[in-house]
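Chain IDs A, B, C, D and E follow the sequence of writing; residue 1 opens each chain.
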Amino acid sequence: MTPLTLKIDRLGDLLAKMAAAGFRIVAPVASAESDTSATAPRPRQAVRFAVVGPQDYARVDLTATPAAEGIKRFFLPQSEAVVRMRQNEGQSAQVSDISPDAPPTIIFGARPCDAAALPVLDRVFSWDSDDRSWSHRRQQTLVITIACQSSDAACFCTSIGGAPDSTAGSDALLVPQDDGTMQVRLVGERGEKLRQFFDADDAGSAAPREDATTGDSGKAGQVTVVPPRFDISGVRSWIENNFDDKLWDQAALACLGCGACTYGCPTCHCFDLVDEGTEQSSLRRRNWDSCQFRNFTEHASGHNPRPWQTQRYRQRIAHKFAYFPERFGTTLCTGCGRCVRVCPAGVSLLEIVGRIAAKGKIEEGRADG
Amino acid sequence: MARIGVFVCWCGENIGRMVDCPAVAAAARDMSQVVHAEDYKYMCSDPGQQRLIDAIRQKHLTGVVVASCSPRMHEPTFRAAAEAAGLNQFMVEMANLREHCSWVHDDRQEATAKSIDLVRMMVAKVRRNERLSPIRVPITDRALVIGGGIAGIQAALDIADSGHEVVLVERSPSIGGHMSQLSETFPTLDCSQCILTPRMVEVARHPRIRLMTCTELQDVEGYVGNFSVTLETRARYVDLERCTGCGACLEVCPVKNVPGEFDESLATRGAIYRPFPQAVPNKPVIDPQCCLRHKAAGRKGISAAESNVCGKCAEVCPIPGKAIDFGDAPSTVVENFGAIVVATGFDVRPVSDFPEYGGGRFADVITGLQFERLLSASGPTEGQVRRVSDGRPARRVVLVACAGSRDAAKGCAYCSKICCMYSSKHAMLFRHKCHDGQATVFYMDLRAAGKGYDEFTRRAAEEDGVSYVRGRVSRVYRRGDSLVVCGVDTLLGRKVEVEADLVVLATAAVPQKDVRQLAQKLGVSYDSHGWLSEAHPKLRPVETATAGVFLAGACQGPRDIPEAVAQAGGAAAKAMVLLSKRMLDREPIVARIDERACDLCGTCIKVCPVGAIEAQPSGSRPVRQVAFVNEGLCIGCGTCVASCRSKAPDLAGFTDQQLYRSILATADGTIAAAAGGNGQPSAKGDAGEAGR
Amino acid sequence: MSERFEPRIVAFVCTWCTYAGADLAGTSRYVYPPNVRLIRVPCTGRVDASFILKAFESGADGVLVSGCHPGDCHYTSGNLHARRRWNVFRELLRFVGIGDDRLAFSWVSAAEGRKFADLVCDLTERVRAAGPFDGYGRMSYIAEALAAECGQQGPAESPDDRDGREGRA
Amino acid sequence: MDNHYLPMMAEIREIVDQTHDVRTLRLRLKSADDIESFRWQAGQFGLFSAFGEGESTFCIGNPPTRPGHIEITFKQAGRVTSALRQLDVGDTIGVRGPYGNAFPIDDVFRGRDVVFVGGGIGIAPVRAVYLNCLDRRDEFGRLMIIGGARTADDFPFLDETCALAGAGHEVTVGVTIDPGRESSNWPHRVGLVPDVLREMVEQASPAVNTAEAVAIVCGPPVMIKFTLPVLHSLGFADERVYTTLENRMKCGIGKCGRCNVGSRYVCKDGPVFTAAELHRLPNDL
Amino acid sequence: MNHSSAEQLQQVAASALAVGSVKLVIGHAAGAAGDRAAACFVDSDDNVGRLTIASPGVATNLAVYATRPEISHLSPIAVVADPPTLRALVGLLQEGQVEADRLRVIALWPQTAEVSQSPSDSADDDAGAWKVSGSVQTMEQVLASHEWVAHGQWTAAAQADDLVERLLKMSDAERWQFWSAEFARCSRCYACRASCPLCYCRRCVAEKNQPQWIDTSATPRGNFAWNVIRAFHLAGRCIDCGACERACPQGLPLGALNEFLRRTVAEKFDYRAGLEVDSTPPLADFRTDDPEEFIR
């Protein structure tokens, strides 16, 4: 099969072609308003995913290491009306369905760590019963990722089994080449739908072929190296066996209990259902929620199973690295590091899981010995 | 489960003409949880109320909206009707279709649409109403009367006579007030002392009156039924228990030349002195400002008790153990009261406020009150009218009414009310004492409205030869050893000059100078001059906006003795009504705090106007300090509710839920109209929405 | 727009002064436009900033808060606390784009029926001149209800629109 | 694909006030299809909407042996329960469900002695099971019902529970209120539920075969905490001691992550758990 | 040399912990990853080596931890406090959220007018800009010090003046446009609230749901109400540390709202938050001559 390529200066044409084919385009764009913020250097929010039109193509920015905000909200919107309730005067209450608003979409330029979360979340949204909104958006949306050319101290995808050029969750992966072009790797059947938009790589036919499923492609492209930060093998069992360990208290003390990490996280998916509206007309909305909030588990009676931040912090880590793996066979984390970057208190999941991994290693060793 | 009834009143034509009441009732019928709606000609009539009662009973209503007039008018009516039907009175809300709608709009369609909205807002509110019970607070069966003038005396006696305890507080050493300074009173010319003294003695002897002289109010806490008042008593240096009032001390005091308060500085007194011969208590008092021993002690920085200067009064005191106590000190007590009567009276402006009339420059320009002392048989001149400057008999007296009164430029735009009468009285009394004397009264208008008053002034002019000049005095100057009063006779339209031995200025009556501080402590409002404000000028003339605080006498504005006495009786009656109940029912519109949400940041405590909120241990575990509202003190303004960032407090009767629903209900009219349901038949739905 | 725009105005008034002033306007038969919906509270001190926002969220084009003149407060100082609050909150709302043509404060005593009527006339005209409050109107419950009536998610509902200017669906 | 969040519509047919703040609603689904498809077992729950206010989780309070309506019993505590209390007969509420697992009546209970322990509002889920068992009385051994509340005024289903004893069901019933809270005319037991449980089981004649018996315990967390050791000491096997967890839920269908305890979704794997299962869960309840 | 400040801090902390005059020192440690300094809790003189002086531009305001229930059993506690942190502690004392007896500080005073705010600077580069108080002090001592007089109002917050000025020049409609676009980005993660030392409410008004004054959904409506009310609740209380804006993952210019309200409160009520323990916060107070030119 002819290899595909993308010349970066033809990006506008590519996006236009996709739009012409009826796709809504979502891409990372540099914020037009970044100059409004008072703090001058503010890398965290500079690049965000947004629906783009032709006038925005020039602002598409493929350079940022995981953008401030991931692509999760294009599959699980932060707030989405799911039911409408109507109480006409003189009539009894009625409800009606609100179907998810999801036109065919191509998300262009996502990072592999964001895309990798999609198949992970597929498991929870399709086990037992299918979540209509999620499934519909998944079906409607094709994801084109770009292998990372740079990484930072918060990146740890490789420690979770991912890679800066992993294709997990992607329908196509772009691998930046030395000559400034992007090698295009289509993934699976869904990826084939994207073939029409790319040019055949006539010049670069000499480019070596790699197995798209491995991350080892450094020779061919300018893919960054994310060094392993910890060995995850002992993490789950340590968590399962050390529910009351002091580590949780220590780790949680600095945590302020906001939702920045969970909202930034590509795999966090907890949500709330709330009614908003007047007597006569209200909407039931599905909103992101965070296990880090004090009132997440609080009963109306005031009883709270997890009243302390220690418990909530432990829940978050344990859910990702023990409970979810136990239930669904995969870690609820892709190593994107966004939680580390956004935490206002400088709490690092990477550091804490690293400590757990080290402890787990020792215990494993003990068990073996 | 809410079952709401809506009752739309036509108020005859008042609402019915501008609002389609049956349409409002029909719309209400469709509103959520409304199970009954009707319209009727007069809801407040007996049959109207009966319809409400019947509907509550038959349809088991849990809430009622009466769409009629202002709740300020008939809320009590419909609440009572609800209670009669067995529904908690606080489950009634009113939509104001009359004052706020039919009377102020001129388009029937619009007015009807608005009426439906108003009803919808109230239905939304009443669905969140809660059954409330009046708050019962025990009443301290005791009244405080502030001020020992005739008004305070009358109020104290009336209250005490009805069986309630009274504390009468007077800041000077004796009760009696200005009335005790007067010679005779108009229009009957009976002797002021003769009619007042028995009342004063009665106060002193009354088993239920505790008299506290030399005492002022320092602080007030609490609320109607339960005021907690801090009273501070100055040192008198004479033990009232021991002193028999023999007066031996008065003779020996080496200090003789202190201007006497009672005689308005026309006579002198000693450092130890009896306020006046009929004083109650009739015991001396030491003025530490003048007492040699106190002054010497003060210079040395020691107490008068430690000093050995003078002490003649103590030496001569015949009481074993001595009634003179140089070691006396101010004392403070906190007393509880159910009601407070304020009778702090008035003052007159000093002559020095009137330099144009020679006030302050010429000794013979005096106030009316000073002239009273000159006329008084017990006064410094034993009733002989003499010039202040040289003591020669006065033959020519000019009396100037409206000295400062009715003169915005002088700061008193009001009429002092008593001046016309007492100036006439002064002139008349002078003429009685000095048959060949000349009495001239300058006046602006002779205001003599009162029983026998006009006759009195007529008599002065016609029988007692008082000459009246209608006009203002422009200035007073000295010519030889006489004063000359220049003015204009506006009736004759010419200038007049009158020679005088004495010029008596009827200076404007003004509130006591420090009454504002007192009013603020009591939470009583006052006007720009400092006259205390009644709750309602017509219907609640002796009450104040602060429940349980009543007004008697001239603290409220200038008035004469019969008025002051009558008002004191009125204030006493109001206090008695309050004290005669064991418990007080208060509207349960009070704040309460959800302690689970309280962080005790202190904001509510700081904003509460009555100090009803304090920190207390929480009722739930873990125990911590939280804000707590004392229901007995809370007056239900809701400032704490809106000031609290976490919205821990809420206000019964006006809860967040109730107001939230009322606000949201303003949207539902439009939503209903858009859905083609009932709602606003006006063009608004179309035009307004299209524009959105 | 061919038909005249009729603004929706919500007013929070204290029961002792402005509500009574409105009563007096009625007793005096002063005619004023029917655009204002009064919500009675004991004191302006009870009026929370959230009330004002909730009124706008409910589709109000203008909001009025009115109580007793300083010194007249039935509770002595509720209105003075309220005045502090509005000194700040009004500035804040202006700073985020809700100006004086949307939000008004007044003192109307129980004796000022005329003033109340004039105030309502004035305010109605002012808000009418400012036009529908589209900014807040778009995110009001009314707009949401009307959108849902047509089977849509509310305005600015879909995730891509969250970016405001950036979103172009 | 279905919108799982779209509730069925039900009408309130009857309202019974159990205590000053506990209320029972009897509901009937409006659509005949819904009635047909709504099949549940004792222990399952539903999500019940007060429109405009939200949904709340309640167990289905009537046993499947008494079909035709859906019964819920709730205590006023939060936004939804306050709103539900506002509703009247004839009003509409939303229903989603039935969700969750159920008590294994056929698989485990049948043929055994069963002890039911309910405290306060926890009596409601227990009641669904014992009514179920009473309706199929022949299939079980001894039945013992212990109900407790803080005071007589907080006791839901008090009269009904007491009446069961005399209704020819062959069932032992004990009702109790907390010591110090009784009035002089309280004719029943006074004591904490675990103590009453021990006393009744120990004094039962013929004796309860605790080693083989089943126990169901629902109530406030503190009651469960002190009751489980008592059951254990009486010889009940942890595998046959059941309770229901009351975790906060939103979706009810294993997505929203709120009710999770360890790897378990209370809404899917529960709400019914055995004591043995609870011991294996992280101490996060 | 630069490291001396950090070393001095460690010495002060170590000696206080060693003699037991404080039970816990709350300071900053270098961030493990990412660019944020993390809070660090030192309860023994053995661990003081982790303490460092963080650049205020990347650090949270440590006063936020003074009210944490997890450490409520420890007393006294010492907070490593630069002037904004001290002001926050003044605010907490003023509102009774922390007991003066329980609170000690190790004050950090800026040596130069300009302490770097740049997150790119490492903590070490910054340490030289600070003078560490020689001992653990009570707040009373700190507030009586000449350093407090000199530096008490110093802030590390990025100056929002430019933006405020720019906004003030706009029309209402333009300001509306600006803010509704900014607020639309808010994700309601409440990082602003969590990192604000004065946002200590155990139940935030956003969580009061009977009724729900502020919609929880991250829709324009809910976001507008939340951001406006958040700012309003800090009016006259915000001590200008900039923690909220630094915390916001969406980069909302919250500092401009705070700065504007600070100006408003200063102009109208002549008040600045965080300077006096005994003062009354302006919105819990009034004066009879408060401005009312806007009231008809």
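Here is the rule we go by: a residue touches a chain if its C-beta (ideal position, glycine included) is under 8 Å from a C-beta of that chain, and two chains touch if they have at least 3 such contacts.
The shown structure was predicted, so the numbers you read here are calculated from the model rather than taken from an experiment.
Ranking every chain by how far its Cα centroid lies from the centroid of chain B, the top place goes to A. By count of C-beta pairs in contact, A-B exceeds the other of the chain pairs A-B and B-D. Of all chains present, the one whose mean CA position sits nearest the global mean of protein CA atoms is C. Averaged C-alpha coordinates put the centre of chain A at 42 Å from the centre of chain C.
Averaged C-alpha coordinates give centres for chain B and chain E that are 49 Å from one another.
Once the centre of each chain is set as its mean CA position, chain C and chain E turn out to be 34 Å apart. Within chain E, residues 178, 181, 185, 205, 210, 212-213, 215, 218-219, 283, 285 each touch two or more of the remaining chains.
Shown for chain A are the residues that touch two or more other chains, namely 31, 33, 48, 78-79, 86-87, 96, 98, 272, 274, 276-281.
Looking at chain B, residues 596, 607, 643, 647, 656, 660-661, 664, 667, 671, 675 sit in touch with two or more other chains.
Chains touching one another, given as pairs, are A-B, A-C, A-D, A-E, B-C, B-D, B-E, C-E, D-E. The touching residues of chain D, counted against chain A in their complex, run 1-7, 9, 11, 49, 51-56, 75, 77-81, 90-94, 221, 246-248, 250-251, 253-258, 260-263, 268, 282-285. The residues of chain B lying in touch with chain A in their complex are 27, 29-32, 124, 596, 661, 664-665, 667-668, 671-672, 675, 677-679. Those residues of chain C lying in contact with chain E across their complex are 48-50, 53-54, 57, 70-71, 77, 80-81, 83-101, 104-107, 119, 135-136, 138-140, 154, 156-157, 162-165.
Listed in rising order, the residues of chain B touching chain D in the complex are 1-3, 33, 35, 127. The residues of chain C lying in touch with chain B in their complex are 1-6, 8, 10, 15, 19-20, 22-27, 29-34, 37-43, 45-49, 51, 54-55, 58-60, 71-78, 81-82, 85, 117, 131-132, 134, 137-138, 140-143, 145-146, 149.
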